[in-house]
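In the two complexes below, subunit A is the common chain; its partner is subunit B in one and subunit C in the other.
Showing the complex of A and B:
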């Protein structure tokens, strides 16, 4: 575990160069080990036994291994939760290496701190790249320093491709190739410049010689390390930019893919759990008389903040748990309900008035500009708490014995999970082995450690391997929710309908910091403030985090200003984006795709919304049918500029996915609190979009800047809700200012 | 002891007859392709076939399988591992994301196509509405069902 802290201003230790970070070594058996982006010294020695297990396997660097059969293995330091990252990152590495894609294998990196040696973070991997703020609050203490430095072992913030892919996987591939070429040049006694790599072979065209990478892997260890491996330019890409089939889909189509919940150990037992309904309460007493007598029941545990029943089978544990009557301690949160919470937000916003609150951005004089505006627009918007509702309920399997612990789960930050288990048991991190599996949905939920801690505590009490599974009810009621929020706006227009002032104050709990800002909109006077609002409910990152709220707030209000200006929503945004060609190209593309100017049937409407987030610029147009009692979203047109889409089909899939996730929230997503407890429990009262409610989705990608890539997993979501509500306004004149739509009577 | 017929094989299990098929298949038979999602037949992640008909195994006691044939996701492919038409369509259309619900989706789609070799969009929606996918792979599920039905449809670059 890292004990040193680093910061952006930390003194450089002897000015480490890239060269220093591409370290090489030889492990037992003479296998070559070259570490790219791994601290000089010994980390590779420790990683090698974990990764290069087979005979003749050569660990070329921390992200590449080549075996005797010339199979290239890409070692991926991110987790697969449906975003296709195993394939996309391997594409980036294999392309720079000129590997034969049909002979590329993928391996998830072990949860090892040496993999994420903190010194490499800002210094090597991302000297000019900020770790998204979303990642920072998910960790604590000294570990925060490590995790913020290392994008390597946290998957979130739509960061894997633009961070790890650009800065590590491509460099690793390019460095390995240069070392192989140098080794071949020496062996064949020809200038390295006459050699080239193609399909996992080294070729010398002049002499028509060719040989597989594997032949030179060991000799490459003797070579000088590339100081600055040369990366390809887009015209030379062979794999990047191609819709390559995902490697994980076949096993997800025949039932063999293993998720955390599928862990299986000899002698394993099962735990069902029920936490105190109000967060912060504890189990004061329980009557388990019936449960004790039920078949298969092994242990009934009062764990303080939750009850666990351990049994031979999960169903037996769940049945027994259902008979237990518990009394919980009183907490401050017991009296809280959702209306009171929104009232509290309103009071706090009132108190902040025109001046108080934390200023996030300010330019010009909004007070003066608004006072003298020809047209004034004011509006308040609200969104509720939301649960993640991953299809795989939270679960974790743990086995504590002999002062050591093994943990099996699917987690977005395996190293954090390992640390959480160690801390829970009061043992060293070296005594915890963490086994990560596929994640049955992440969306931010699986960056939390609560399930890991609970399972580890149960396993400690049980003395045998225990698989803890949350019921859907627990999963819904004990989430770390997307916060509810209120946002108020004042906007001013001049006599020509041009936006001259933009003032916003909103409640705040989370990140990213730029979510409420609109630097891309050309409004001379603007001021954005926040007030921090306390809540006893646990909150956490939820797909696109605060952009999920502010996308709706901002783009609804822009639409209201457009309407007040007597302008079309698309035309009004064009004016605001004037001067920014990349932004305009995206907006224009979405409008063009949708046939913006073409008439729609009576009762149908189109709405447009534009939100750049996570480095990707996106505009969406929604087409909504309002002729029935409820809105029917027919089509979504997405235009997106992620810089460069490494896997265009995977990118499109993430747009489709974000739309479904965002539409669930728009139509009916709502977690509400009553007497301090979450009221929703399962899919009957926390419904998820179903296939009959899924609109058609068209996606067009603009590769606007191959040097600065954007994310894919989240940015498709923020524009969705406002595109839909703006379409509802276009169809009906009914302006929706509070989500979800199920609260609105459209009859 | 209860004798079950799972994917054409006789299996003996010693469980309470009230135990849902889901947990017997997952824990006793160690076939983990069938997933737990909600426990109350609302999400379809646990879908298996009982005598060819799709059922929610989380809410069907194992006693109801007496004398009937259970088919799980593990029983769809040929013995040599060759994917069924529906499974292959799932790969061709790159359907799965996190993949957790997909066993259930494929079981529902397989049952649909058994009874209706060329379903319309409305029929697909009706047959598949019991299966939630949180990753929102619905657009591709529709395409894959049509691909499996033999309808012309664009496929992905391999």
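Showing the complex of A and C:
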């Protein structure tokens, strides 16, 4: 059975692919490679059956494989969702290893606990944790245990480079190099110190001897794992800092790249699904009389919280599903409308008043400072729910048989997906093989397990492989949304227009914890509070998570304070950042790029916004043309300090895509609720930015601290909305306090 | 600055433990209309009834979908990226009116019998080195046979 499966699930193209390797894991159980030596701490004996089964393939450590042709394979414990992470992480590993880039291949790590990214646990659970170096291993170990328990093998939090790259890929590359050098030193009987590595070769200059890495791969794997391999300093970087072309571009350009939705199995059938429109409701009854008679239909399932139709083809399943009439249970959410929800926020914020709510951060005495301020500024801002709208709709393929299960999808946390499937079936995780593919957009949506659970349940009922695909309507209406939120501010200025107090209370706090805070701004008295307003809708991380709303709230209010102080938004922020050289350098660079002081034509305006997030400091200036009926965003200037940009082209691409994604939300993004159900359903009422609406984007990168790297995937987004609305204010005097802009009448 | 962090780690772990490994519920209603393979083969959707009587021609019509990006197959139809294929069987290669053939094709000397078409479709670049037909290498002999049958049938109408 297993043999049959592997032959059938192997990819159709002849060359080596990630899918082939992941598929190979399925039959790994029978082909244990026995290690010839004890390798303390080195897990390769356990991993080799999954990763290095071919002739002449040798794992050096968990992240590096070298084969007989001297191909170095970087094993990447993160998923590729268009952010280019495979290339950047391989760059980091290959640079430390001194590998020849033209001979580097990339494998996505299997959904295995060994590849759990424990640093992300630290990042999410205790972001500001500072511990002495001596305690680092203990702390890291604790988080590894925690992360393993939580099954985080997650790609998110703009974390891969700064966490896994810095702490795992570089270390693994450097360690593998030291192991190769040690093996060569033994073989050639020379001191290891006389050897060096270059372009996947070991060189002994004294004797002019040289040999490829491959010659020493097997012996290197027997070497002890170096405790503290020496990492390069930036002057020795050969690959890091270079705009190396992404390895996934050719297959994504010529159509051979395989995404989760491309899963194809012999005998596979298709499922279309429809969940109860109000989350939490169940399907009380369904009338499938017509659906039963329709061509291709195999099964019609009432799964409790959703209906599924399984058919020979997806179109047939979708057509049959459309004929089913269902009755849903009543829920408390049924009566909720969007206006009422914002009213509920307002009422609860009113009730919290000046004192109640959870204090997130407090310093000084805001009450006193605000009462005695020369100028008082107050404002309230609102943002709507947002859907992720990934181009590849949610989908998952599952096959349950003989007490085991195979699952194919694109998921941001493959190990979590594997556990979700196991829990759904009530079987052991070891009996679930999870196959991850490229993600056609993630943005946080694909860190949820709902699609995995649904597909696994359908496959269990069907007993043959089933590919479940959500329609665009389901994808839009059954998302885990970025929360809608309201935020209120009070700010005080002294007689010189200096900010002396900052008070904020807002609804919701999800993640990161520091999103509502402004520790980088010098304001002596501040207090930030939140209140929770439960609703029946599901929340989920959305690109930049809470920074997406708080970036808009905070930077709008800073601009209002600047205006009240009679100061320019750039000059006012310079005062607030006084003494923080790295922050100022970024702010100044954005202003300089935009020609901040140069006059603009009548009806045009510039706005600036500054948001450090995910370890990266970013300022953006927007230039907006308000001479028409609608705002036209002409240019965006981005200055960013991520510490060190490992792949500057990839980093700039993340800024550009953050702007495309953020401008979509700023201009049109709105999910609203009526009678408890989401009103929007497809791109006609949840539009995406079109190419003619895309502004010119200029990006400049400041490498401010090569030891403390920041993220790339998310931090470009939060400053975008406030830069645009501040520019609208500069052009028109019209202050936008609620997004999206499509709701605002500028006539 | 004082930042108050919630014990979110604890909460998450507890949540995970709580969702334990109780299997998800079975379907509340399961209507099995048909088991797979009972009456429809896996790889071919049923042809629309009444449209084609001859199954080989019908299969060829379906397979010809690959070709229609570049070729039309109708009397008097315009040449597109590739020449109109109406009536091609029995014609000399390079003879469709107004189509700019590659030199290789124009001077190939081939007359398109069914057999010649079959060997060309199997590997166009090998049969006529220098042809500008980029697509069309069809390795499946039964698909080639079907396509040729469809071309012949369509040209007879």
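Assume the second predicted complex is superposed on the first by the 662 of 747 C-alpha atoms of A that agree within 3 Å, B and C clash if a C-alpha of one lies under 4 Å from a C-alpha of the other, contacts with A are read in each partner's own complex, and residues count from 1 in each chain.
Quick note on the criterion: contacts are C-beta pairs under 8 Å (C-beta built on N, C-alpha and C of every residue); 3 or more make two chains touch, one makes a residue touch a chain.
Since the structure is predicted, the reported quantities are computational estimates derived from the model, not experimental observations.
Q: When the two structures are laid over each other on subunit A, do subunit B and subunit C clash or fit?
A: Clash.
Q: Going by the contact rule set out at the top, does A:217 touch subunit B (first), subunit C (second), both, or neither?
A: neither
Q: Touch test for A:691: subunit B only (first), subunit C only (second), both, or neither?
A: first
Q: Can A:273 be said to touch subunit B (first), subunit C (second), both, or neither?
A: Neither partner.
Q: Using the touch definition from the top, say if A:313 reaches subunit B (first), subunit C (second), both or neither.
A: both
Q: Quick check for you: in the superposed arrangement, does A:286 touch first (subunit B), second (subunit C), both or neither?
A: After superposing on A, A:286 lies in contact with subunit C but is clear of subunit B.
Q: Touching A:85 in the superposition: subunit B (first), subunit C (second), both, neither?
A: neither
Q: Who touches more of subunit A, subunit B or subunit C?
A: Per-residue touch count on subunit A favours B.
Q: Looking at A:295 after the superposition, I want to know if it touches subunit B, subunit C, both of them or none. Which is it: first, second, both, neither?
A: both
Q: With both complexes superposed on chain A, which partner does A:609 reach: first (subunit B), second (subunit C), both or neither?
A: neither
Q: Jot down the residues of subunit A that show up as touching in both complexes, subunit B in one and subunit C in the other.
A: 295, 313
Q: In their shared complex, at which residues does subunit A touch subunit B?
A: Contact set of subunit A toward subunit B: 81-84, 242-246, 248-259, 261-262, 264, 270, 295, 313-316, 318, 389-393, 438-443, 469, 471-472, 649, 653, 656-661, 663, 682-684, 688-692, 694, 696-697.
Q: Mind listing the subunit A positions that touch subunit C in their complex?
A: The contact residues of subunit A facing subunit C are 121, 124-126, 128, 146, 149-151, 266-267, 269, 283, 286, 288, 292, 295-304, 312-313, 358-363, 422-426, 453, 456-457, 460-461, 464, 513-514, 517, 519.
Q: Which of the residues in subunit B end up touching subunit A in this complex?
A: Its residues touching subunit A are 15-16, 19-20, 23, 27-28, 30-40, 42-43, 45, 72-74, 76-77, 81, 83, 87, 90-91, 94-103, 106, 124-126, 128-142, 156-158.
Q: Could you please specify the touching residues of subunit C with respect to subunit A in the complex?
A: Going through subunit C, the ones touching subunit A are 1-6, 8-9, 12-13, 16, 19-37, 40, 42, 45-46.
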